[in-house]
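Quick one: the structure is below, questions incoming.
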Amino acid sequence: MDYQQLIEEVYQEVQAENLKGKVADYIPEIGNVNPDQFGIALVDLKGNVYGVGDHQVPFSIQSISKVHTLTMVFNVFNSKLWSRVNVEPSGDPFNSIAQLEYEKGIPRNPFINAGALVITDALCSKFENPIERISDFINELAGDTCVKINPEVQASEKNHGERNTALAYFLKSFKNFNNPIDEVLDVYFSHCAMEMSCVDLAKSFSFLANDGYSIFADRQILTESQSRRVNALMLTCGFYDEAGEFAFKVGLPGKSGVGGGVAAVMPHKFSIAVWSPELNEKGNSVKAIRALELLTDKLAFSLF
Amino acid sequence: MDYQQLIEEVYQEVQAENLKGKVADYIPEIGNVNPDQFGIALVDLKGNVYGVGDHQVPFSIQSISKVHTLTMVFNVFNSKLWSRVNVEPSGDPFNSIAQLEYEKGIPRNPFINAGALVITDALCSKFENPIERISDFINELAGDTCVKINPEVQASEKNHGERNTALAYFLKSFKNFNNPIDEVLDVYFSHCAMEMSCVDLAKSFSFLANDGYSIFADRQILTESQSRRVNALMLTCGFYDEAGEFAFKVGLPGKSGVGGGVAAVMPHKFSIAVWSPELNEKGNSVKAIRALELLTDKLAFSLF
Amino acid sequence: MDYQQLIEEVYQEVQAENLKGKVADYIPEIGNVNPDQFGIALVDLKGNVYGVGDHQVPFSIQSISKVHTLTMVFNVFNSKLWSRVNVEPSGDPFNSIAQLEYEKGIPRNPFINAGALVITDALCSKFENPIERISDFINELAGDTCVKINPEVQASEKNHGERNTALAYFLKSFKNFNNPIDEVLDVYFSHCAMEMSCVDLAKSFSFLANDGYSIFADRQILTESQSRRVNALMLTCGFYDEAGEFAFKVGLPGKSGVGGGVAAVMPHKFSIAVWSPELNEKGNSVKAIRALELLTDKLAFSLF
Amino acid sequence: MDYQQLIEEVYQEVQAENLKGKVADYIPEIGNVNPDQFGIALVDLKGNVYGVGDHQVPFSIQSISKVHTLTMVFNVFNSKLWSRVNVEPSGDPFNSIAQLEYEKGIPRNPFINAGALVITDALCSKFENPIERISDFINELAGDTCVKINPEVQASEKNHGERNTALAYFLKSFKNFNNPIDEVLDVYFSHCAMEMSCVDLAKSFSFLANDGYSIFADRQILTESQSRRVNALMLTCGFYDEAGEFAFKVGLPGKSGVGGGVAAVMPHKFSIAVWSPELNEKGNSVKAIRALELLTDKLAFSLF
């Protein structure tokens, strides 16, 4: 398979379709990016990197970082984690609080905001200097010092963080939150404000295509079994209330962010990151999703 | 891979664990089966059949038949179907009506009861003698005249069918139901009352492991793309509000029924059917799920 | 208090305001009435009748009949009734089914559709010829043979009755429904299709202003205590998800119907019926509600 | 009517019934009160005060203070208030957040916690030193310097205030909150921590029985129309998800608090306060509700 040719074809076809969406505007710093940017990077099991378009431009990875933090915590707490957060798809928007009330403070999964806050809280229980540790971890996965926290985005997230703060207090009211809320939110807003390019992002997801082993870090990041489970979670829960649609159309485990990025893996084949800022009404990048759909069609395989 | 040895090992280990559940009791005919029965059948891509335990005993396949009816309708209506039924996981019990109200009569997916009723309604729009047609279709897939409709189960489903009837009328109030309700319910209760053995069930799912081509029917049942999509749907929605858990633990596309059966596929490898009547609190067979978990662990691969 | 002058003033002022709404269109027979009709009838404790506008024109009383059927059943089953139906306001639209699911088949109150179906079911358990008995009862309350069932409306209700049928089957699935669904629905659609004028409707509500004693029937219909409780129920639940607004603005116990009628009582003073077909978005008559608001303002008293 | 004899009879009968409930335990300071205390105070329109039992013992009025703060704000903002908070019964527990999400940040009514927070926020927008102003206002209504804020209760409310804090942040995320959250919560926890006796509480509610005029403050507190509306709100929303039951059994506008107090009014007759710490499962005082039920039965009138 000539991956370079493949992603170039996909890139051209998606560009030709001239798809439109809407850049996220809940914080100004995200809203101001050039909406026409579009990049794809693919990393195969040997560590070869293929790229097209704006694949080297750093962008705000936002919720994609939840896969990295989940990985850090999964490694430490293992199955104990699942008493604090469930593994079921949500069907509700990512920041819904109603479900959390009905289910008595146990978030549906680690990728909706409430679940990610629990993960970040667990991370704060384990690590001193958690922000530094997250950056270090992602850098290690990518084999490069690539992660930057955008201070304007971080500040803006904080200034518009009422709903996440509400979720944190609500979790605390159910005793599912152990650290000071402000500290955890600071870490949360920091890792959501991280910036990486498609290339580095695809590299940082490579271990999930490789049964938990990172060729860039040169070590086993998760056990094979844990790695499989993270992939399963991404497939069923990685795209908010569009998870089924994504599994249906694309069929790869992946995670999206409101910055317009999507990172995905084809287990035992490759990891891939696609980025374009314009989003559909569910909050997922229009071009990135289309690109991945075309790619799996062209490859004539997906998970299924 | 010696599949016969594999499933025998799995069978022994599960039996040794002495797992307990509760046989479904919503209709007496299901409640009266011998709860200790347990069988596994696996069919590889060449059509070789492997079996252990009660793999040749017919049992009530119940909701597993929803995969067969979806396949029949998908083939006919293709993408038009998705204006009438969504492809998102539900997170709610299989017979919930609240979600249907909030989402204005469009069921979350074709495997919850409301969605399966829409599928059966579509099937009634297309085929004369739909019950006969479903039996014929499954027999063809299994390469054998194997399907029997248990008249006591069918009658009992009908007598306890208030909630499904409520769902049908509710769908009709949203104009998402075209045929007379009694006719559609008759077909629905008939296909839920079908009985097959693990062997025949695994054979009838074989095309989903083989990009849509059935070695037993000797024809392309679904396109490769459609076949992938059915698998994606099973993975995200095949186990009601335990879909995420099943994907997480097992990682295979599959569908369960309250009769205690589970049919699943490992794409490009095999299809498998496992049956044991005792259910967990989510309504899925305790032993069947455990068997599939062990099997994917032993194989050290799943989808992911 | 000169009631005739009062209601004439109210009538004039409301007409001058030229309020607009939308005639119910869920069945053609209701949608085709002349939308400009408007009538008020008031009956004092001595049985004096005051009227203005179209107060003698029969109209479809629809859900207002639920007060009559509740009265019949309350008299018979007394407090046993409240194990089958609750007395809490709903906050949801009158035909919602989600709440019924969450609360396991016990409707919130006797005036939402699910609750009224339980009441009609109880009535069918008690009375032979229930339709006749309801008519006889209302005629007795009004001191006149006034009730007519409009056969077109009845047939049309039935033809558009999918949601009510769904509610009935759903109730039955929770064992909160004892009679054949078709029979109960026939009775239900019949009493919703009853036609009466404002005058007769106000007379039929007179006993609720008089501690349960009907001056027209010349007998105690409900005990004083029961009568108070029906009034309390009307106040908290008589206007669907606008009950609070009506209590807030008008402050009288009352019941509305989608035909545009409202019947209300000022305990120990009078009963009143107002009718005008155009509805607000909550399904309550725009002019009738405004008239009652003006009337209680002019009287400078309400319940409160 | 000999009110003193009446409340003594009621007191004796309730005591004889030996009703049991459970003292609120969400904060220790409330949980430690002597559960056997029971007092009734009634104030007639002339300002005569009748009392029995522990009617002069101060207790934590908790949510009853929401009537006082609503009154302060209603007077200032009048109808503009109702764009920020609705007037419909909730049907959900007092601290539910799900409804707030579905209804996009507009609380159902001013007496559930979310609504009371909006009221307190409005109060903070209007008044400097809001805590002092609330105390002054209640003292004026009671004609006595009676209000004390219990500092342990206040501190404990704050320490257990995660859910109220979550509600406040959630309101802010919908732009329905204007002041710093900590400041508003301080005011909120302060007025919930106020202590008064039945006598003073009944006096402070007297204006609501008297068309808005307080005989103790010797001035019009609310217009007659506003006073009626506060009563209507108490009737439909004053007892959380037991509002319908209370209206049904008692039929008086009233407000309960988890300290075990209930304040109610019989318009144009009297105001009354009853206190006993043991609560039913809905969070309302078992003895207080029973006392009011007996009282309206003995008087053979309620609102209805």
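Here are a few things to note about the model shown:
Going by the order they are written in, the chains are A, B, C and D; count residues from 1 in each one.
We take it that contacts are C-beta pairs under 8 Å (C-beta built on N, C-alpha and C of every residue); 3 or more make two chains touch, one makes a residue touch a chain.
Everything quoted here is computed from the prediction, not taken from an experiment.
We define each chain's centre as the mean of its Cα atoms; on that basis chain B and chain C are separated by 47 Å. Centroid to centroid, with C-alpha atoms defining each point, chain A and chain C lie 55 Å apart.
If each chain is reduced to the centroid of its CA atoms, chain A and chain B end up 32 Å from each other.
Looking at chain B, one finds that none of its residues touch two or more other chains. Taken pairwise by the contact criterion, the protein chains form one closed cycle in which every chain touches exactly two others.
Each chain pair that touches appears in this list: A-B, A-D, B-C, C-D. The touching residues of chain A, counted against chain B in their complex, run 86-92, 99, 108-109, 224-225, 227-229, 231-233, 235-237, 241-245, 247-249, 251, 253, 267, 297, 300, 302-304. Within the complex formed with chain D, the residues of chain A that make contact are 96-98, 101-102, 162-163, 165-170, 172-173.
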